[in-house]
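As written, the chain order gives the labels A, B, C and D, with residue 1 at the start of each chain.
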Amino acid sequence: MNRLAVELPGLKMKNPIMPASGCFGMGKEFGELYDLNQLGALITKAITLEPRFGNPTPRVAETPQGMLNAIGLQNKGLDTVCAEELSYYESFDVPLLANIAGSTKEEYEIVAQILSKQSVVSALELNISCPNVKEGGITFGTDSDIVFDLVQSVKKVSTVPVYVKLSPNVTDIVEIAKAAEAGGADGLTLINTLLGMRMNLKTRKPLLANGTGGLSGPAVLPVALRCVYQVAHATSLPIIGIGGISTVDDVLEFLMAGASAVQIGTANFVDPYVCPIIIDQLETRMDELNISSLEQLTKEARS
Amino acid sequence: MSLQCLAKIIENQEIAKDIFQLILEGDFVEKIEQPGQFVHLLIPSQKTFLRRPFSLASYHQDKNQCTILYKILGTGTKELAQLKKGTSISLLGPLGNGFFVNPLYEKVLLIGGGIGIPPLYELGKEFQKKGTEVTFLLGYRNQEEVFYQEEFAKLGTVITYTEDGSFGHQGRIDAAFPTLEKDWNAVYSCGPTPMLKAVKENFSNQYPTYLSLEERMACGFGVCYGCVVAQTKKKTPLKVCQDGPVFLATEVEL
Amino acid sequence: MNRLAVELPGLKMKNPIMPASGCFGMGKEFGELYDLNQLGALITKAITLEPRFGNPTPRVAETPQGMLNAIGLQNKGLDTVCAEELSYYESFDVPLLANIAGSTKEEYEIVAQILSKQSVVSALELNISCPNVKEGGITFGTDSDIVFDLVQSVKKVSTVPVYVKLSPNVTDIVEIAKAAEAGGADGLTLINTLLGMRMNLKTRKPLLANGTGGLSGPAVLPVALRCVYQVAHATSLPIIGIGGISTVDDVLEFLMAGASAVQIGTANFVDPYVCPIIIDQLETRMDELNISSLEQLTKEARS
Amino acid sequence: MSLQCLAKIIENQEIAKDIFQLILEGDFVEKIEQPGQFVHLLIPSQKTFLRRPFSLASYHQDKNQCTILYKILGTGTKELAQLKKGTSISLLGPLGNGFFVNPLYEKVLLIGGGIGIPPLYELGKEFQKKGTEVTFLLGYRNQEEVFYQEEFAKLGTVITYTEDGSFGHQGRIDAAFPTLEKDWNAVYSCGPTPMLKAVKENFSNQYPTYLSLEERMACGFGVCYGCVVAQTKKKTPLKVCQDGPVFLATEVEL
């Protein structure tokens, strides 16, 4: 028996570690650094219907144990991604989560419909929580009626399981999670970035060209854990935990809070090998903490 | 071979006001292919989180060593300056695409401003090895910040400007443009964006002109999409860290 | 002319630095370390009508560049505070902000009425954003109708200016800020802590006895700056900025984002002398950045 | 005089499995008043943020030095163990109220468990100076973690227990209680809370019994209200860092 294996809708993972969308490009750069077959699952950068340039630079800024980004969903658009980028993932024997975004419900529907037909795509992750675009993005993710409606619509046209990625920038994340559950979501990913800002001391204006940006990295870990814990105790959907993970202990904290698997984002920028390193350390740490299996750990946390 | 390693600090010394020479040793040096490439350093301090990018000012592949020249500008560079010789630092690299040293070129112009000057040093060395005639046009803020004058002088003609005239000619670098010869095979430049704009405007429709760009970076190897620059007449941006940092001036919009 | 001086309703400050409520006890311990007359203003720990024991321990936990606390408003209650603690502040020639909390509107009113009559109290700070108490606290601060009503009621009985301290745990902080403004607030303090959690790897349960706690320290600085900036551009109330400040540059970033003064909390636990040290560094740093006066800096930021 | 200073590391060495002896030097040592006081150390690491509290195991005011014995338990202590002799560390202290060494006492019992044992060492030394007869009852997990046996032996009678019986008597410390003499002037204890509870239950209605408590701390000097303990029959809690860490057992609810 594989003590590290976890199974989520559409994602049969040999371990609970996958990269986070937007922090792993379209996989190729990491594929040159290590064998991606080591990972529990793979993920795409957000895909939108049309190509997007994204925001002007500066797009990134440093913060204490964290960073801000305002990339603004730069991507080549659905057609080019399908034609040029998805085939890369076929060489790996690992499930693939396709992260999708849009400015309108119709856009989400089209992208979901087409991507879910691609044989390499195991499941979709609806990004309704991007704080860096003027239309759609986070505004979809902060109103429970819109979330319910959007998830229901996307579910109708999708042939693979649908995960909904939630924003922590809300008064009550449980309410939003329940709306996604009611809409038919197969799982939840939480959290996306917190809305933040830095000022440029010389210009006295916001440092990012976009003004605000999304905060990620270790700084947000306690907020992410709280969101996972709250939602794990209020819904029965499987949860992919994310936010600030950079060590094997962080991973275990998320599973103890109720997550079934985790994503690692910003930590890849500090150490590109962080995912395989953590995977490598998992079993030893489980032994030290008397954890028999990870699926069992999540089950206990949610019982 | 891993892209990440521990590089040993052989020297870390102030060579002009707030400007330090850092010599690093490690196997990564073998993998350097071109002047203009850079490394991404993880400064071990409570006050920083992301890595910091620095161009290679020179490298000695026989000694497994390379040199970085950096200026204290903010928190990270201030902390970097504290590091003692003998300690090690996590390094990602070499990264990016640098300057192509065309062996057919007979006469080239290298234009550098401030802390954009360092990568032109190795570029000049490589051209000298090929027998190319090199002219350096270098701009500094003032005499206190002038560095590497003797080193550059060994490689070719050096024309120096300081903003306040405390060393060399007085003025910004573009004041020199009308006075220069006109028979370059190519022009290479690195420095602040306003300077690069002036270089592009003045030279790029006469000579192949190569610019090394700077952008705030997170990953440094093409996965975060943080460091982009717009392409001329194309919709998809280029990534400075992965597609550059060196671009043909006509290819990018500054 | 004093380039550091700032003037806010009820608070004539010789510099913009004051401690944050709950991170400065009732002043005495710091008074033994340095002369409190150096500070721009003083502040009390939250005062409630009845004495409160607070939450069980562990009440604090560490996070990356931050900490969680779930103190739960421990204090001796209004009567004892007035009888025993307020007199200490009389020995200083510095304005005093009294931080007050309650479980019901009536409680806020009584505490506000009595405290605003104490001659040593220069202004009140309504804490409607404490995430660590079951009743009142944050629930008051996340609903704009309740905020409006509460502020209006407290204003009616207060004879000194009233600052309202807002929670960042809301979907739209501007909406809450506007409600406080409409209710008659004289100023806003933002932010209180973000809701967070840590797990105990050994027990596999939340580390804090209270489960969740409030996140503070440098980790939250970008969120706080964003809140200040958003509110500064949407209301005309003076803002006291707070959240993660630990250096003189942090202070200037808050002023550039639109704050008129700042509070320093968690940083006092790492370096008890942080406030006088920052005050000492302000002028030199202003010279380096060509800042003529701090009031001017805020004015520019909000114009 | 400032409560905060840089203390110089004179020694930082492993003396038993995962247990280190740290010797610090600085003017703060002058201000130490009692055994049982503690210092709050800021460990210079990217991985920690708050200070960490450690009891004084001994101090030599003539040499301006004190000793701390600590166990590697988590991130901070792991990083502390990396610090090299000669470096300095930010220290807040001395803090708290320690053990009152009553010169009238003739015979006292000192009970310590695990990493709660260190402050009893200086306490034993102070009693010895006063001519008081001291008995130590010390409990360790196992032989590997046993430390300072010889040092304690110089100060009085030592009775040692290990949980697995690999050194001294086998069992938990409370197994010894019925076997002890009964003529103590006072009992002093420091260690894990279950042990302190057993000590309180067994001794506090016969002898003045003093307990040194542990709580997770933020500030360490009474301003955050993080480290409280309930008072017997009173509503306001006490602060471990400021009112304690040493309390009369009958005064606090464990």
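The working rule: a residue touches a chain if its C-beta (ideal position, glycine included) is under 8 Å from a C-beta of that chain, and two chains touch if they have at least 3 such contacts.
All values reported here derive from a predicted model rather than from experimental measurement.
A.B. asks: Return the distance between the CA-based centres of subunit B and subunit C, expressed in whole Å.
C.D. replies: 46
A.B. asks: Once you find the CA centre of subunit A and the CA centre of subunit B, what distance in Å lies between them?
C.D. replies: 36
A.B. asks: From the mean C-alpha coordinate of subunit A to that of subunit C, what's the distance rounded to whole Å?
C.D. replies: For subunit A versus subunit C, the centre distance works out to 34 Å.
A.B. asks: Indicate the whole-number Å distance between the mean C-alpha point of subunit B and the mean C-alpha point of subunit D.
C.D. replies: Once rounded, the distance between the two centres reads 56 Å.
A.B. asks: Touching at least two other chains at once: which residues of subunit D meet that condition?
C.D. replies: Residues 46 of subunit D touch two or more partner chains.
A.B. asks: Of all the residues in subunit C, which ones touch at least 2 other chains?
C.D. replies: Each of 63-66, 217-218 in subunit C touches at least two other chains.
A.B. asks: Think of each chain as a node with edges to the chains it touches; is that a line, ring, star, complete or other?
C.D. replies: ring
A.B. asks: For this structure, enumerate the chain pairs that meet the touch criterion.
C.D. replies: A-B, A-C, B-D, C-D
A.B. asks: Within their complex, state which residues of subunit C touch subunit A.
C.D. replies: For this pair, the touching residues of subunit C are 63-66, 68, 142, 169-171, 194-199, 201-202, 204-206, 211-213, 215, 217-223, 225-226, 229, 244, 249, 252-253, 256-257, 289, 297, 300-301.
A.B. asks: Can you name the residues of subunit A that touch subunit B in the complex?
C.D. replies: Its residues touching subunit B are 22-25, 29-30, 33, 45, 51, 53-54, 57-67, 69, 71, 74, 76, 217-218, 266, 268-273.
A.B. asks: Which positions of subunit D touch subunit B when the two form their complex?
C.D. replies: Residues of subunit D touching subunit B: 44-46.
A.B. asks: Note which residues of subunit D are touching subunit C in the complex, please.
C.D. replies: The touching residues are 2-4, 42, 48-51, 90, 92, 215-230, 235-237, 242.
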